[in-house]
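Each of the next two complexes has subunit A plus one more chain, namely subunit B in the first and subunit C in the second.
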Partner chain A sequence: MSTDQASSADQLLASVDAEPGDRVRVHRDEDTLEGRVMPRHGFSDPDVVVLKLDSGYNIGLRVDEGDEVERLETGGEAPEQPPAMPDDVDELPTVALLGTGGTIASFVEYRTGAVHPATSPEELAAAVPEAFEHARLDPEVVFEAFSEDLTPDHWSQLADAVEAAFERGVEGVVVTHGTDTMHYTAMALELAFDELPGPVVLVGAQRSSDRPSSDAATNLTSAVRVAAETDAGEAMVVMHEGMSDETWAIHAAGRARKMHTSRRDAFQSLDHRPLGVVTDDAIEWNVEPREPADRVQRSGSFDADVGLVHSYPGIDADEIRAAARDGLVVAGTGLGHLPSHLAEDVDELTDEGTLVAMASQCLNGRTNMHVYETGRQLVEAGAIEAGDMLPETAYVKLVWALATADDPDEARELFRQPQGREQSPRTGFYYPREEAR
Partner chain B sequence: MSTDQASSADQLLASVDAEPGDRVRVHRDEDTLEGRVMPRHGFSDPDVVVLKLDSGYNIGLRVDEGDEVERLETGGEAPEQPPAMPDDVDELPTVALLGTGGTIASFVEYRTGAVHPATSPEELAAAVPEAFEHARLDPEVVFEAFSEDLTPDHWSQLADAVEAAFERGVEGVVVTHGTDTMHYTAMALELAFDELPGPVVLVGAQRSSDRPSSDAATNLTSAVRVAAETDAGEAMVVMHEGMSDETWAIHAAGRARKMHTSRRDAFQSLDHRPLGVVTDDAIEWNVEPREPADRVQRSGSFDADVGLVHSYPGIDADEIRAAARDGLVVAGTGLGHLPSHLAEDVDELTDEGTLVAMASQCLNGRTNMHVYETGRQLVEAGAIEAGDMLPETAYVKLVWALATADDPDEARELFRQPQGREQSPRTGFYYPREEAR
Partner chain C sequence: MSDPDLVCGLEIHQQLDTGKLFCDCPTELDEREEVTITRRLRPTQSEMGEVDRAALAEARKGRDFSYEASSATACLVEADEEPPHALNQQALDVALTIAAMTDARPADEVHTMRKIVIDGSNTTGFQRTALVAKGGSIEISEGEIELEAMALEEDAARIMQRGSRQARYRLDRLGIPLVEIATAPQLHSPEAVREAAQRIGTMIRATGQAKRGLGTIRQDLNISVPEGARVEIKGVQDLDLLPTYVEQEQQRQRTFVELADRLSKTTSPEALPEGPVDVSDVFEHTDSSVVEDALAADGEVWALALPGFDGHLGTREETDHRLGRELAGYARSQGASGLFHTDELPAYGITEHEIGQVHEALGTDPDEDAFCLVAADPDIAQRSLEAALERAHTAFEGVPEETREALENGLTRYLRPLPGSARMYPETDVPPATIDPDRMAAIEAGLPELPEEKQARYQEELELNEEIAAALATSEHAGLFDDLVAEGAEASVAASSVLQIRPQVEDEGHEVPDELLREAVSALTDGAFTKDALEDVLLEAAREGLAIEDAVEELGLGGVSEDEAREIVEGIVDDNAEMVENQGMGAMGALMGQAMGELKGKLEGETVNRLVREAIQERI
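For the complex of A and B:
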């Protein structure tokens, strides 16, 4: 029974004399949840009760006024809980764990069946103690948001937090992130640094930690391993590689895209193999990761206003104009096309100073705006080609290029130059990628 | 040497006494093209010279004022040219060949290196005589456009032409189409008919017929075979299945999407196997095609104004509003999300009578707007879920639903009901597709 003052986990459990190992049933409104009480550890949030469900997964419940608890069984064997810090903690690498919200840090609001972000990385640590076996984790909440609510401002905040973490001496950084826009943030963190002394690993979960098929714990553990055990000096995304629990893909920033609404292997490297793969035994690279630098060095900012618009049959000039600000990325059809009648509007926009870049909504392959008249008209109107950059990647890069350059010509040049792995140089005229296969 | 009056193929060739089999070089401005003169046949356009290039492929050149020709060799063996109509033509099924422009019907404008649509299906027939071996082709130009320039009005014109073709007794219809938006048109032709007495096969080419790696001839021949040799009563897309020249995939309307800018296997059935496959020997179905009806029966129209907008970090209310007209499809992130602050705008739009549907830019999987608060807010604001429809498919379907229904409630119902293969019924709550695997 909760008291009439602010609830705490201890108070709730004490109200029925429940100890770790006891089986309890928590009532909230019409709903109930049953499990064994987990022991508390150093990171435990005083207001969170952690239960081990029959599925074997842990769930953290933030105690709420009105919660009621029943003790169903006593004296059960206390569920195994790894120590908050392993004995050899001083020998483990230090990894910053930067929380931004999202499913990996979620707890079920079981009143509605919906999922809310955790309010502290401690809650996350309580749910995924395995991650603490590979590193001395240095947790910090940078912000709390669903990833669909993030903006370029959040990328800057996160870059600040990554910079601060490396400056205080961590060996790697893990960013827990909602999956909806994780690929945008990965590209932003790649662009935000000229030099990185260690890995910056973004990780999310497709299913929240209350679900038997949750990928939260295994993804986070794999991400911590990449951050702690490798010295790659670049930004990456680590997520399940396939449907099994055996391998996790390491995707290059700018190449990954969320390609499924719900599958655990939602993230795919498009047009490229993943950078590498994590197994239980090893971390193997398909491509040699970038050497780490001696220090962390920022590069530019994200303080520019850019739009991203996708072409389709029936798109009109108003839609293009509503998205065009300092810059505009158009995810055109095919090789990089818009309806012909819009070339005039693109011309006006570039005359007004908007930097317009054409990408392709095909997602694979590269733009080539010299094959058809429609493409050539857009080039004549001043549009630049995004090459083989994904539209999402081109968007992040154009925000960065405009915010970082001193003038439009420099912005155009920054956008065109490969900055990381987001763009391959054109190796020939017309369809070079296939001919190289 | 061209004369000073309107050029014709005969005049140009006669100016140097060139006959079929002779090797000629044509000069236009700074450029030249060499090949053997092909014999003319019944479909030949009087203003087009067809040359067999050294690559083995044919190219049709529309004779232009200022063209000059040299005869390099005479008396070569005339290139093999199948007869325009095979001997057994009366025994072959009749297939309408509806031309709409696009690469499959393109000829190189070699002055600029760019590609222009053919101006008649006869030009196409001249370039791809193989297609005439499988059917008595009944050609018609419906319109001439790059597919990036098509609008819902074009879908209606094309549906009219398909209806007229079946009414005059053809056994099947092939639509040659630019690839950029062919998947939109395929869905439109599927929705445009309650009953189809035979196959409607859309086909395009990723490389124009002047290129050694052109897929124009083999794609068209495969499409004609599906139209002539099967009695499927539905709309489909036929394109190369892989990188080889051995198999062509038959994609269901609404499930196909252009997923590569240049590869011949650019079209993929997302989240589904293709309906079937065409090989040199056979046409094999993975899924039983729909039975043909006794007659053709139209269903509704496309006379509605709908927008399609993709969410991204930084999207603002103006962009949503610019795309919202009678209806709006949002390709949201993840399970069907927009930034939370836009739920209010969606609410206002639905109050104003705009039908708003949420799809997912992940392309694979299905929307589920009951997992996260952001999704539930959008449902409360009146948005409907597109389920596992592709954003492009949902867009075509919403245009059709709004144009076809008598009132908004009926439009909503038409949109939600599976009309063809574009949408699978939801089989369970949360992530049913993976759990069924």
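For the complex of A and C:
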């Protein structure tokens, strides 16, 4: 059906200059329908005109050459009434709200039903007024990207924005983020600072904010409360604790991982207790948060090239080599294994100067490469154990370690030393999932 | 009796048995509770892009919704924890089939919309609905009735408990497909309303994919009565009560048109107060348990003065349509469980003395004025009486436009104001469904037979009598009957097996699946046993979980040849030689009885009868 020339629907609408939002009457062989022209859906047939009828329903009408259309009135611009900021409440703490894309707060355009992210402070205030009851929000858009499109370079930009915000004197920072890679960014922000004078809280939504059941507003409000009301000097993730709108979990950077494609409680703490829980009335800590510092102090950068591969039955040397650059993290099987015949390739890679770290795709538990022969061979080949670090955490940390260290030995040391809560020599009884409280 | 001034329209919602509309869950109800989820809904931004702060404040102090679910009948889609799957194509085919049967014009592309509903009955805060076809018509005795629109939508969650602060739902029903058909307002008598509803219901059921049983069909009625108002009556489940709702609504509206007249003679809207007042003090030592309980739970008693209303609120004994009942409906819409008013007091433990004191507190005259009371949570009591006050004002104008809820006794009660035009947004998670001409052509080519067509075919081609043919044609098992006949069964045997024998076996508590019945009838057709043994065979197989072949053997029915039977019969006749000698053919009955005792189920009665007759004849 698709051709190089404009579709019959486009031609018909163009013949009367009708655009989305305009009211038209479409005459086809036997019937006549009136409504507003809507933009076509991505999966719509190109020969279909989509009308919003007076009943509110959209309907797709296939049109061809004999059909006619009249434009009855133009839709005009959506009524423009700039939303106002809530009154400044001086005694409230100031919290920077850093936007990175994603639709944690968004507008529905009523003529077309299209969803736009809320970017200005005014739009945000209109969308989630309750967040402003806990803090004076100071919003800024750092970049607008899907979280699956982010790179280590984005982490640096975001760290710059966090640093600038604390230098302006905010009490805390909230970062709104797409959920797909939010756990990578949380780890990056934790590593990017030697000292933090307040909490850096990452928050996202699993249900878009254009629906009454969205988790966006309550997640954001909980994140703002953590940023405004707690004394903590570390990066964390705040999201729904369960499927109910009752409690919100505070997860440690490096330990939080997106464990579900769609549920509100997709983020879980692995091998670690959630740091705390937010309820309507209180913020309760399970783990004492790190004391805030007096000032903000950066640490290192993310300018290094690291690959992350998942081992599987049949993986071959080419795949390992293609992923290995300055560094390579392998999400190995079990206690931290690759097929034994690849030990030789790992040996060559480490000889060529690549730092190779072995994590486990089990996600829970720690690596131990001294139990089986294959593990011992990999250690002899120069691979470093990631211990109880998640593969994604190990990846971010290796990028940071390589970019920050002056030489490979120092990078190796930075990687192995706990920098925050991302690794620990002790494994608690947290599996499969400890009740948060 | 057609009355051109009475204008009714119907909206039929019928559940389909196709699996849920936007996920792959079954469409069964289920009492198990595996998880409970608590949620709040939040108004979305208005068209202006702003959240209405008043509405938001209301929502925030408002209700928590809890949802019970079991994995057998719900999944993460119903819990709003997973995006919807694509529109169920089987359900769409049913809707397109009905469109073809009614000559409606299908959409070329079906777009799923979100209709905002934040009473908690949908976990998402909206109901997904899609317009499938427009136009078309049905034929009833008053003539042709046009159809306005046909939509497919998801059914709401099932309400289990409704409180002023909390509502509890089950997710089993959420997402069951509903086909919604709306007629034009062209029905002019109670009987026409019933006939149209029946006609539409019949057409949907003819597709063979409608769910059956209580609660699977719901009818909404739109009624405009001359001099009265347009009223929508929601949720009529019983088809036979439809005319009653129309008649009752006409009567109700007439009553309130007259009341407006009478009220205007004794009082005026200007005499009504600004609002209700707190009269809790009067009831400090009350004997009324309702009031006492409310006060004990930190509640208050509020009173609304109704100057000049004495005698106009009505009592239960006088009439079903009384203003007191309407005021109570408005109060209930704001969370009160009901209200007391002076026309029915003293009662419920409220004394003459207390009534006098309330009059005193309100400054009203017991001989002319009325008041009503609500004992509840202070906020609810106040809001409930404010709503009642609103209704007292409209009493002077006649009948307000409103949505009313159908009650089981044919009466209705106030539910909410008439809905404005629905707020609908595209459901961006569901791609539009293209209806190409080939699909419609295939549907047109395979349209289901309507019951009257089926009945005619059964009578003419299969020579069944009218009663049986009609029963089969409207039975949900007509398809099974057609299959049995196609597989070679005699029509009369197939009919009785479906209409009588299976229900009898099932009445004894043994389920007979279609497959088992087909197996049995097929064995019968092949001569494995006889007609009169069908029930025994089915019962044995169903009860013991046997294959038909094994049940036949277990009952000792298998294979008796005519020669073997003749031997048995001759033995019986010989044993009774004396009787045969004395009575001749008169012994037939007694000997037939004995022979059947031995041969029942193994050989057809007619054959046994012939063998007995021959054996007797040989001996006389």
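Criterion: the second predicted complex is superposed on the first by the 315 of 437 C-alpha atoms of A that agree within 3 Å, B and C clash if a C-alpha of one lies under 4 Å from a C-alpha of the other, contacts with A are read in each partner's own complex, and residues count from 1 in each chain.
We take it that a residue touches a chain if its C-beta (ideal position, glycine included) is under 8 Å from a C-beta of that chain, and two chains touch if they have at least 3 such contacts.
Note that the structure is predicted; figures quoted are calculated from it, not measured.
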Which of the two partners, first being subunit B and second being subunit C, lies in contact with A:Glu130: first, second, both, or neither?
-> second
For A:Phe146, is the partner it touches subunit B (first), subunit C (second), both, or none of the two (neither)?
-> first
Please work out whether A:Asp245 is in contact with subunit B alone, subunit C alone, both, or neither, and reply first, second, both or neither.
-> second
Touching partner for A:Leu53 - first (subunit B), second (subunit C), both, neither = second
Identify the partner contact of A:Gly300: answer first if only subunit B is touched, second if only subunit C is, both if each is, neither if none is.
-> neither
Partner touching more residues of subunit A, whether subunit B or subunit C = B
For A:Arg263, select first, second, both or neither according to whether it touches subunit B, subunit C, the two together, or no partner.
-> both
In the superposed arrangement, which partner chain does A:His337 touch: subunit B (first), subunit C (second), both, or neither?
-> first
May I ask you to decide whether A:Glu30 touches subunit B, subunit C, both, or neither, giving the answer as first, second, both or neither?
-> second
In the superposed view, which residues of subunit A touch subunit B and also subunit C?
-> 113, 115, 207, 243, 261-263
Enumerate the contact residues on subunit B facing subunit A in the complex.
-> 112-116, 146-152, 154, 178-181, 184, 207, 243, 258-263, 266, 305-315, 318-319, 321-323, 331-341, 360, 362-368, 370-374, 376, 392, 395, 399, 430-431, 433-434, 437
Provide the residue numbers of subunit C that touch subunit A in the complex, in ascending order.
-> 35, 37-45, 47-51, 53, 56, 60, 76, 79-83, 105, 107-111, 113-116, 118, 123-126, 129-131, 134-135, 149, 151, 421-426, 428, 431-432, 434
For subunit A, which residues are in contact with subunit C within the complex?
-> 30-31, 33, 38, 41-45, 48, 50, 53-62, 78-79, 81, 83, 107-110, 113, 115, 123, 126-130, 206-207, 210-214, 217-218, 242-246, 261-264
